[in-house]
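Lettered A, B and C in written order, each chain numbered from 1.
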Amino acid sequence: MILGVASGKGGTGKTTVAVSLARVLGSAVQLLDCDVEEPNDRLFLDGRLREAQVVTVPVPRVDEVACDGCGECGRFCRFHAIVAVDGPPLVFPELCHGCGGCIRVCPRGALHETPRRIGVVEVLDAGPVTLVEGRLDVGAALVPPLVRAVKAHRAGDRPAILDAPPGRSCAVIETLRGADAVVLVTEPTPFGLNDLAQALAVARELGLSCGVVVNRVGIGDDRVQAFCRENAVPVLAELPDDRRIAEAGSRGEPLVDALPEYRGVFRSILEGATRLAEKGSGSW
Amino acid sequence: MVRELVVLSGKGGTGKTSLAASFAVLARHRVVADCDVDAADLHLVLAPRLRERHEFRSGDLAVIRPDVCTACGDCLALCRFDAIRKGADGHAEAGFRVDPLACEGCGVCARFCPVGAVELRERVCGEWMVSETRCGPLVHARLAIGSGSSGKLVSTVRQAARQLAEAHGDALVIVDGPPGIGCPAIAALTGASRLLAVAEPTVSGEHDLDRLLVLARHFDVPVSVCVNKWDVNPGMTERIERRAGRAGAGVVGRVRQDPAVSRAQVRGRAIVETGAAAADDVRRLWDRLRSRLEEPGRGQTDRREREGPTDGPWQPAVEGH
Amino acid sequence: MKVALTTSGETLEAPLDPRFGRAPRFLVFDTDTTAFEIVDNRAGLEAAQGAGVQAAETLARLGVRGLVTGHCGPKALRVLVRAGIEVYNTDASTVAEALTAYREGRLCAAEPV
């Protein structure tokens, strides 16, 4: 089973939920931290580094001897990553998406691909939980290839939990693509509700079955729960606004370790998610 | 010259939008920009009245014409983004189609299709709006799903806000930024007069703040830091403030955790529009931040901030550093 | 020859914009005829990243030989140098002031990377 944990709004508790779900599963499970801009799962798990992989995208390198300055590459590139104003072109690797097009259009074969680093993927063993973390280099802007690299580490022989970034950008879509079901974590406030509605639209666009976890119940109102009823989205669990939960999170302690009385709640989230996954229609 | 204050956090959910809304209320002469285009929430507190709407066109989308496609599969072999799918109806014989959520508009398939079956069409992937609020003009946006042009829309919103601010006699632009440190955050940050980094006193908050500070240094934007919900973990709060100081960022304040913040949000109000304790924290924070904004010297970390009094416990001082 | 100055306004009295990549417009002054035209920096303004690169491409296409601005990022500078455009930095506050300083040879050329 591949379970995505996402939210529209940031800070609702995706990492809290993803980590605790992995902890209560008990048996071998992979936790894939796809929030590559700000990966946090690792802070909660005492893991031993097993493997590290540098992730690159291919960018062009100019062979100035072979180049005749025709400028075809600069005219092709839609991202202004290769610019021909006079003589051999200039390459701006940070702007390059790695499509390979300029290399192919060059009539002289004067462009060659060279790898440019965007980040790393690290695999850590934390007991039954295997954590796969993607971490973007600060200043690198290109995210989807790194998310793909994290997901490439998914082993088919055990359940996988995908901790998604907040929002509904291409990074979120890349993360959730192929999941069996998605748990959307939200909070009962106007911001939480607004962003949940958007996240739900994305998940449905991807053809994914969704369930909702409402975190910090009591801080706002009950419009989120009403929204879920109206839109036929099951609420898998509600977590109260328990300050001890916030304090455990602030220390980097998994919720179900600090407060074992919540283990039952997370088991029922898993059960609910499993039912959704079985019902699910799959996606792209 | 228009000054731009950008509010970012790295980590989501630290209180950027809540603080930006309060600053919008407190500032005299301002234009507000909601640059969290993937999850825009500021309008829920500012209650905008729409004045202008503009289509946002960005990037291209490849479209395969099924009547021309011969199902040769060249596009599938060439696409680096896994955006080509079999079958107009799931059958390979019926040709191929493009997944609009994965297509990056690079143009490779269009260029190399042997029968010219692929067209590259400009995407209308959202819209941006200019509205009036009780706190002055608001520039905000709505982005369609999966367009991959968040960064460009952020730049468009910022640019529109700057132009408005110039026209309004050099008002201050207050930018509610996106989470993360990727393309949308970079687009919100480059060229700003000052970054307010909003941190929360947690291990995740500390980790994410560090990365944001590196990003700010990379783009040479002066930084001020504040810790929100500081009383959830006072020890961590002090740690974060010390780290910020060592990184050359000035600490401008702390805001306590206060249930009144969410209650105000439910009523469509910024916290400083209530009598809550956290409101006083935010007002003090704004006073300090405003004095930083009035100083010259965009483009280098303020030496006073590097050497400032951040090694001892934070003092709720009235005067500046 | 044509020299470009970065500005937010539309006349010689307009402020000189210190930024290159995100300057709203260029005042392109012809030193032979003393006429000038205003060119929008649309490409630079709308770019999420690499604004300077796109602005530099715009100037290269205009056949400009010089640029006067406050400062210009390293990527843009590479394109400008390659295009044979001389870059001058100044902290003059108006286009007129900057142009006078340029024509009197009082400005420093930027260091190429």
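Operating definition for what follows: a residue touches a chain if its C-beta (ideal position, glycine included) is under 8 Å from a C-beta of that chain, and two chains touch if they have at least 3 such contacts.
Here the structure is a predicted model, which is why all the values come from computation and not from measurement.
Asks: Could you tell me which shape the graph of touching chains takes: line, ring, star, complete or other?
Replies: Shape = complete; every chain linked to every other.
Asks: Taking each chain's centre as the mean of its Cα atoms, which chain lies farthest from chain C?
Replies: Result for max centroid distance from chain C is chain A.
Asks: Determine the centre-to-centre distance between chain B and chain C, using the mean Cα coordinates as centres, and give it in whole Å.
Replies: Roughly 29 Å separates the two chain centres.
Asks: If you average the CA atoms of chain A and of chain B, how far apart do the two points sit, in angstrom?
Replies: Going by mean C-alpha positions, chain A sits 18 Å from chain B.
Asks: Report, in whole Å, the distance between the mean C-alpha point of chain A and the mean C-alpha point of chain C.
Replies: Centres of chain A and chain C (C-alpha means) sit 41 Å apart.
Asks: Indicate the residues of chain C shared as contacts by at least two other chains.
Replies: Those would be 47, 49.
Asks: Would you give the residues of chain A that are in contact with at least 2 other chains, written as numbers and ranges?
Replies: Those would be 79, 141.
Asks: What residues in chain B touch two or more of the other chains?
Replies: In chain B, 150-151, 183-184, 186 touch at least two other chains.
Asks: Can you list the chain C residues touching chain B in their complex?
Replies: 8, 15, 18-19, 21-22, 24, 45-49, 51, 71
Asks: For the complex, which residues does chain A have touching chain B?
Replies: Listed in rising order, the residues are 8-12, 15, 37-38, 40, 43-44, 76, 78-79, 97-101, 104-105, 136, 138-144, 148, 165-171, 173-174, 177, 189-191, 194-195, 198, 201-202, 205-206, 219-221, 243, 246-247, 249-252, 284.
Asks: With touch defined as at the start, can you tell me which chain B residues reach chain A in the complex?
Replies: 10-14, 17, 38-39, 41, 44, 59-60, 78, 80-82, 85, 99, 101-102, 104-108, 111-112, 145-148, 150-151, 178-186, 200-205, 207-208, 211, 214-215, 218, 229, 232-233, 236, 259, 262-263, 265-266, 268
Asks: Taking the complex as given, what residues does chain C use to touch chain A?
Replies: It is residues 47, 49-50, 53-54, 56-57, 60, 75, 78-79, 82-84 of chain C that touch chain A.
Asks: Which residues, counting only chain A, touch chain C once they are in their complex?
Replies: 79-81, 83, 85-87, 90, 92, 94-95, 141
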